[in-house]
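The chains carry the letters A, B and C, assigned in the order they are written, with residues numbered from 1 in each.
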Amino acid sequence: MKLSVLAERLGLECTHEGDREISGLNSLKDATSSEVSFLEKAAYVKDLAATNAAAVFVSKELAEHVPEGTVALITDQPYLTLAHATKAFAPAVIETAGPDAVVGEGTHISAGVYLGKGSVVGSNVTILPNTFIGDNVRIGDNTIIYANVNVYRDCEVGSNCIIHAGTVVGSDGFGFAPTRLGEFVKIYQNGNVVIEDDVELGANCAIDRAVFGTTRIKKGAKVDNLVHFGHNVELGEHSAIAGQCGFAGSTTLGRNTIMGGQCAVNGHLHVAPFNQFAGRSVVTKSIKESKKVFGGFPIMEQKSWLKLQAKLAKLLK
Amino acid sequence: MKLSVLAERLGLECTHEGDREISGLNSLKDATSSEVSFLEKAAYVKDLAATNAAAVFVSKELAEHVPEGTVALITDQPYLTLAHATKAFAPAVIETAGPDAVVGEGTHISAGVYLGKGSVVGSNVTILPNTFIGDNVRIGDNTIIYANVNVYRDCEVGSNCIIHAGTVVGSDGFGFAPTRLGEFVKIYQNGNVVIEDDVELGANCAIDRAVFGTTRIKKGAKVDNLVHFGHNVELGEHSAIAGQCGFAGSTTLGRNTIMGGQCAVNGHLHVAPFNQFAGRSVVTKSIKESKKVFGGFPIMEQKSWLKLQAKLAKLLK
Amino acid sequence: MKLSVLAERLGLECTHEGDREISGLNSLKDATSSEVSFLEKAAYVKDLAATNAAAVFVSKELAEHVPEGTVALITDQPYLTLAHATKAFAPAVIETAGPDAVVGEGTHISAGVYLGKGSVVGSNVTILPNTFIGDNVRIGDNTIIYANVNVYRDCEVGSNCIIHAGTVVGSDGFGFAPTRLGEFVKIYQNGNVVIEDDVELGANCAIDRAVFGTTRIKKGAKVDNLVHFGHNVELGEHSAIAGQCGFAGSTTLGRNTIMGGQCAVNGHLHVAPFNQFAGRSVVTKSIKESKKVFGGFPIMEQKSWLKLQAKLAKLLK
């Protein structure tokens, strides 16, 4: 889509000078010269100055920070404008035309499995009944996908993975822009999910696709049942996450993260590798140290939490 | 069913004087003159005195409060009697006869989708593979229902909704009456769920149908993954509920309720509109104020919770 | 499989003296003379001395405690060796040959239901669309299984049960042995799940199969939505478990356990019968008393927890 066409559709002014073909939307940091980005908060002005984006949704006040070569698309509510723009780049919910899926040798596709257009399934894969594999999905070799699993369009599952029944890979991230009347406008989630090799996902998990880019479960990670991953989360290699944990959006966790059941991790955090978290922890801040055991809410070292509980118990006497 | 027939089936005495046709069961407040109700606890005697119910399961001690025109059906254990009565009004699990579903123009029904008897699906709807739409379901226009979703019989989904994969709308509420031996007798959940227009539900949620009446997710509300709604909950318009929150039965929340992940809300509460709740809050009491931010367990203002945590941290020094 | 063949496959030495046919793996306590077991921690040396196992994976240091008649299979990392051994006994993910399922009189099997090889479904059962019943499953009479449910191979569901949509029975327990490089080797979960008579399971639950033996939900227990049961858990008769609770592996709970929403129970605990737990409790230790009400994290009597919260609230003044 031409930038001028997008701008017109959104009711924004766009000088013809900077017009070009636009392929999608992205964050200030990751946007290429064919993508449009946005500045939501003044705190990200540094990212704005350094962006390669073709154009940026930006308020009048902050437009002066838009770098040369990037078109400033002036709007009172950049985040809301972004939300409206995402719809223009959302793919079809389901493709009805296109090449049939390709399936490798020795692969068993059970009754009732749906394979989307343009999808590629590797060799010696087993897919149990009534699983949904959307369009343009890639699945590696030797992977087992149990029944009633859902892999949304454009997602990838590696080789030697196991996905248990009922798990959802690639549902929309929870992204909405509020209007001034307090209503929510959907931010279409045009990214995907990549499940790398040797990953096991438990039953009835939900792993949201990225708003832009990729939500990623890295090589060798093991995830228990009923775990929730928000959009753009990255879980490090050889991590083990127990049942009912939840990860808010855009958080990254280093390799060998070990987590007990029912933990929560706030959004936009970075957790260093090789840390452990006791069950029910709430990770409320980024963690730079490694090889420690944490617990509690707010998060602290587990030994501190135990000490604190002992002190509290004394209050009862 | 005649009231006398119901009474006989339950082993209760019923004078022929008050006999009439009964259409179902309901709470004291909502029961019409063709419905039967019950008095569980003396605390609800006021509701009993004001009821329009045709008849009431009630203990001998409290029978004097049954208003004129309402038949008192005397029983030692009114709640247990109610449980037995609900079975008499439970519809079939699945209809095998009846009119085929009607589907609007431009609607795409994928392979493996089940459409129940008497259901009506609007125009330009997309339903992805292997989704189950029970009997007598209503779905509005332009709605997208992803794969392996379940909408139980008699439920409604509005227009412009999105329901992500694996979500269950209309499963039975968690209602059982204990016997004196500590066993549980099922209270059949004969109500339904209504999802109003412009609602988005995440993946693998579970929204229970009402015991009587309706569990309701109101217009424009957005719900993340793995959220649980008990029977008879009402979530207000334009609310946003993050992942893994849980709502116990009969709680109502006003419009623009904003809730972080893994919150819990106790049953039978009323939460005023325009409030926010930090992640992991437990709403332990009704809230009458608006435009506040709450957190903690038991619930308090979030700023108090932060202050409390700071004080507790000092105990460690 | 011959013990000598298993040993060779695992690269372990095995004298021909003790060679015999091996049927599977099991814990030290439960292993029969045709099963192999393992000693993970010195703390279980007593169980080793009393085991009936045909052979035991054991470190050199602890091999002296292996009883007469049991073969010591010496390995530096017994738990890792066990993990490798489990793969040798894992059944096929899905059988493609074998006898068709047998279905009782008056049973309704809806469209899209998969019935595995050798499975037996009782009389007057209702199974709604797109549910997956794996191989060699037993289902009793009068049971209702809603749509998109998953019952993995070799599991059992009793009579008069109700299983709501999306629930998974028999997914793999979360068991992995770490290598010295911090990678995880899967412990194949070769046990099963038994759901006894008169049980109701809510929507989108996940009940893991046992690593060895059986995960068991006992007669008359009622379970709400989105509840997670780890491998080898036993839930007592006539228990009632509210939404989003989670049970870590190998914990046993006595009859009439009543639990509010979002509770967690640590692994390898024993909870005496007739106890109640307030919502959000974390059961951090075994409980020997009965007829008490518990709450909090760490667990304490609920009245103590309320008192503690009242004291903490005073800190704010």
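Keep in mind that, in the parts below, contacts are C-beta pairs under 8 Å (C-beta built on N, C-alpha and C of every residue); 3 or more make two chains touch, one makes a residue touch a chain.
In this text the structure is predicted, and so the values were computed from the model without any measurement.
If touching chains are joined by edges, the resulting network of the protein chains shown connects every chain directly with every other. Counting the residue numbers that touch the partner chain, chain A and chain B have less than half of them in common. The two copies, chain B and chain C, are related by a rotation of 120°, based on C-alpha atoms and rounded to the nearest 5.
Between the Cα centres of chain A and chain B there is a gap of 31 Å. Residues of chain A in contact with two or more other chains: 112, 130, 148, 166, 204, 226, 244, 262, 312.
The touching residues of chain B, counted against chain C in their complex, run 93-94, 96, 112, 114, 130, 132, 148, 150, 152, 166-168, 171-172, 174, 176, 182-184, 186, 204-206, 208, 226, 228, 230, 244, 246, 248, 262, 264, 266, 282, 297-298, 300, 304, 307-308, 311-312.
For chain C in complex with chain B, the residues that touch the partner chain are 108, 110-112, 126, 128-130, 144, 146-148, 162, 164-166, 200, 202-204, 220, 222, 224-226, 238, 240, 242-244, 255-256, 261-262, 274, 279-280, 309, 312-313, 315-316.
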